[in-house]
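Next come the structures, one after another.
In the two complexes below, chain A is the common chain; its partner is chain B in one and chain C in the other.
Let's turn to the complex of A and B:
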């Protein structure tokens, strides 16, 4: 069984935020306004945070999304099992099960789960531009990055219809696909021959806030001190 | 008087629940299409995505005119035939719906799953009139009982999006 993982090379990332835009568009996230940002209710599944990294003079931009923890604190507290670790290591979020209690948003140490305070709205001209493979979450549920799980489902179905196995290039999340600096690599961590497995085991690899024991499957790379 | 209060309240509650629990009135389709008559051509000739796509699709007149050069004798008037063949879309009413949070793909079920259309849509080959409501009531248990029986994925995220 695959264990999907994402490697982000901070030495390559330019902080351009193309990934943020791609994610919003891919996953039907509504626009946010300065007012929603002011009250901390921005709707984004991935954002750049300022991170103090050893050996760097100032803070670095670190793309932060759900870390798809192997020991996720968020799933432990969910009273309805709306969020759980699926067999392939993706922390899923089942919207019609979510009662919006926000226990999980509080339990997540990375603060990457967001609550729909309002019904999402888009300009009328965008009505036909939604991704049909992704639902539009209603008011009152929590949502987050799923490693574009819908892409995995479609890719697997296409490979099966063509009578072949899933190839590594078949399934790539939108952020990885868009990154102009090629700072992100995605793949199966359980495959010893995959690029992600090699990079994750390399000397530049580290995990964000790994001391918490969450065992993230997002791995960052940077040059040592 | 008071001794009637309880039965009256019960009667009112039952009446209200009864009215709301009634199935909605059947939808009137724009054309009296006879599935039974067309059954020999198979479902996919008209519902083209049913085997190879996520959505099965509902046919428009260009599908009819592949076989019918002129208005069929029954089921549709000459005027309506002229209308639809000159580009006016047929306003079919959808009877089988899944909620937005369900990621259903026909190809996955008819291809990989080798499921017959009738499993979810009933035996349409016997129907002489278009369905006014979904022939089979689909609930999560309909899906899950089959997934369990067939050993298909029971991972919530496999079907919910």
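Let's turn to the complex of A and C:
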């Protein structure tokens, strides 16, 4: 069974936020404005935060999304198992089961689970541009980065139709695909020959807030080394 | 039913307890005015709730990362106040503090009614209240929220039984006094009570059993409420003393709620003969003890956080002590400790008026304590995500007002249906009914 993981090289990341835009389009996230951001209701699954990292003189721009923890604090607290760790290590959400109590959003130390405060809306020009592979979420449920899980489903079906195994290049999330600086690498951490496994074991690799015991599968590579 | 003087249900006894019985059977203009005013607030809250159901939780001012606010504050507050009744009444019953007799009923009613609003606020807080039953259909046993659902359900059941059982002899008395729909209602509810020795024996057994049973249940309820916060690893939530800290705060706010209700009921129904200076003095002393305990827990909690100097914890700590939440924190401290301690430690100010003032301050202070536990931790998350200043919306304030109004109205309604003072507990048990062969069957407390 694969264990999907993502490596982000902070030395390569330019902070261009192409990943943010790609993610919003890919996953049918509603349009956000400065006004919605001011009241804490911007809908993004990935965003840049200024993180204080050890050994750095100032804050570093850190692309932050669900860290896909192997020990997720959010899944423990869900009263209905609407969020759970799936067998391939992706922290999944069952939108039709979520009661919207927002316990998981509060338990997540990375604050990366977001809540649909209102029915999602798009400007007319964007309304016809939804990704048909991704379900739209109703108001009142929690959502988050899924590592573009729908792409995995599609890739697997295509590979099966072609009568071959899933190849590493078959499945990459939208953020990884778009990154112009090639700062993001995605793959199977359980495959010792994969790029992610090699990078995750390298000297620059660290997991953010791993001291909390969350065991994230998003791995960052330190800058300036 | 014996008509010997002083026995329950006798004409003499009914005349003696005229203030309580008349309060049930008559509805005055002032009651109607208050009921209408409270009903207006409830209707307004109903409009606000409809608005929220239509627009979703966008009608609140919550956002990322402050996902919980006024509703969860009210949830913790109401569940805390619910410790008033059952726990206080049960403890005083077990230690045979005989002065408790006229106040137990008032306290137990608070418990049962207020629990509905505790649960109600969680439902108000759900993004999908239509799916609330998923908690039972797809229960996840590792979630402290599910523990909450379980313990509050048990508590609501136990405290309702504990309220009802001691009501039975009084309902039977009302049955014998009334005609029409009231007679029908009381006949049904009195479960065929005629006051036989066997019935008295069973009643005492049941009350004694429930009084012991509800204590661990009550303690577990607020412990589990605290664990909703303490089981996460969020700064200043993840605390080992939260269980006992919340239970102490719950009993503290519970006693304050009893005193407030007692003063109002005493004044409105003229129950000066039942609720005397002694009751307020004793409850005032209890409140004083709880204020000191509250101070001790608060001091222990904040000192360890400050001394430990863990940066994420300290960020929350500073936001409370000197940051944006300082006005709430220090008002809480004044309301929960400075004012009640000053008033209640002095026998000259530990009067009815004094304990009332102290109790009102404690109620405000304990609400603020719940608020300063819920919001500051969420406002200072570990991850440096963008945050904002939370202030509840009109919908949230309206629903809070509606909860308080509905509680008051239901409490008033109870006083119009049942004796707010447990009458049979104030009277000697009819000697004729005590079987000579088995004197132990006589109700032990009804001296």
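Things worth noting here:
Here is the rule we use: the second predicted complex is superposed on the first by the 222 of 225 C-alpha atoms of A that agree within 3 Å, B and C clash if a C-alpha of one lies under 4 Å from a C-alpha of the other, contacts with A are read in each partner's own complex, and residues count from 1 in each chain.
Basically, a residue touches a chain if its C-beta (ideal position, glycine included) is under 8 Å from a C-beta of that chain, and two chains touch if they have at least 3 such contacts.
Note that this is a predicted model, so its numbers are computed, not measured.
Annotation: superposed three-chain arrangement on chain A; chain B versus chain C shows no clash, the two fitting side by side.
By the document's definition of touching, of the two partners only chain B reaches A:133; chain C does not. With both structures placed on the common chain, the touch criterion links A:86 to chain B but leaves chain C unconnected.
Legend: residue contacts after superposition of the two complexes on their common chain; A:97 is shown touching both chain B and chain C. Within the superposed three-chain model, A:105 lies in touch with chain C and out of touch with chain B [touch as defined at top]. An angle of 90 degrees, to the nearest 10, separates chain B from chain C at the C-alpha centre of chain A in the overlay. Touch criterion met: A:153 reaches chain B, while chain C stays clear of it. If you count the residues of chain A touched by chain B and by chain C, you find the higher number for C.
By the touch criterion defined above, A:164 lies against neither chain B nor chain C after alignment on the C-alpha atoms of chain A. Once the two complexes are overlaid on the shared chain, A:12 sits clear of chain B and of chain C alike. Superposed on chain A, the gap between chain B and chain C at their nearest CA atoms measures out to 13 angstrom in whole units. Overlap of the chain B and chain C contact sets on chain A: residues 97.
For chain C in complex with chain A, the residues that touch the partner chain are 55-58, 60-68, 122, 125-129, 131-132, 134-135, 137-140, 142-146, 149, 228, 231-234, 378, 381-388. Within the complex, the chain A residues that touch chain C are 37-42, 47, 49-52, 59, 64, 73, 76-82, 97-103, 105-107, 109-112, 114-119, 138-142, 209, 212. For chain B in complex with chain A, the touching residues are 52, 99-101, 103, 105, 107-108, 111-112, 155-158, 160-161. Within the complex, the chain A residues that touch chain B are 84, 86-87, 90, 92, 94-97, 133-136, 146, 149-150, 153, 157, 160-161.
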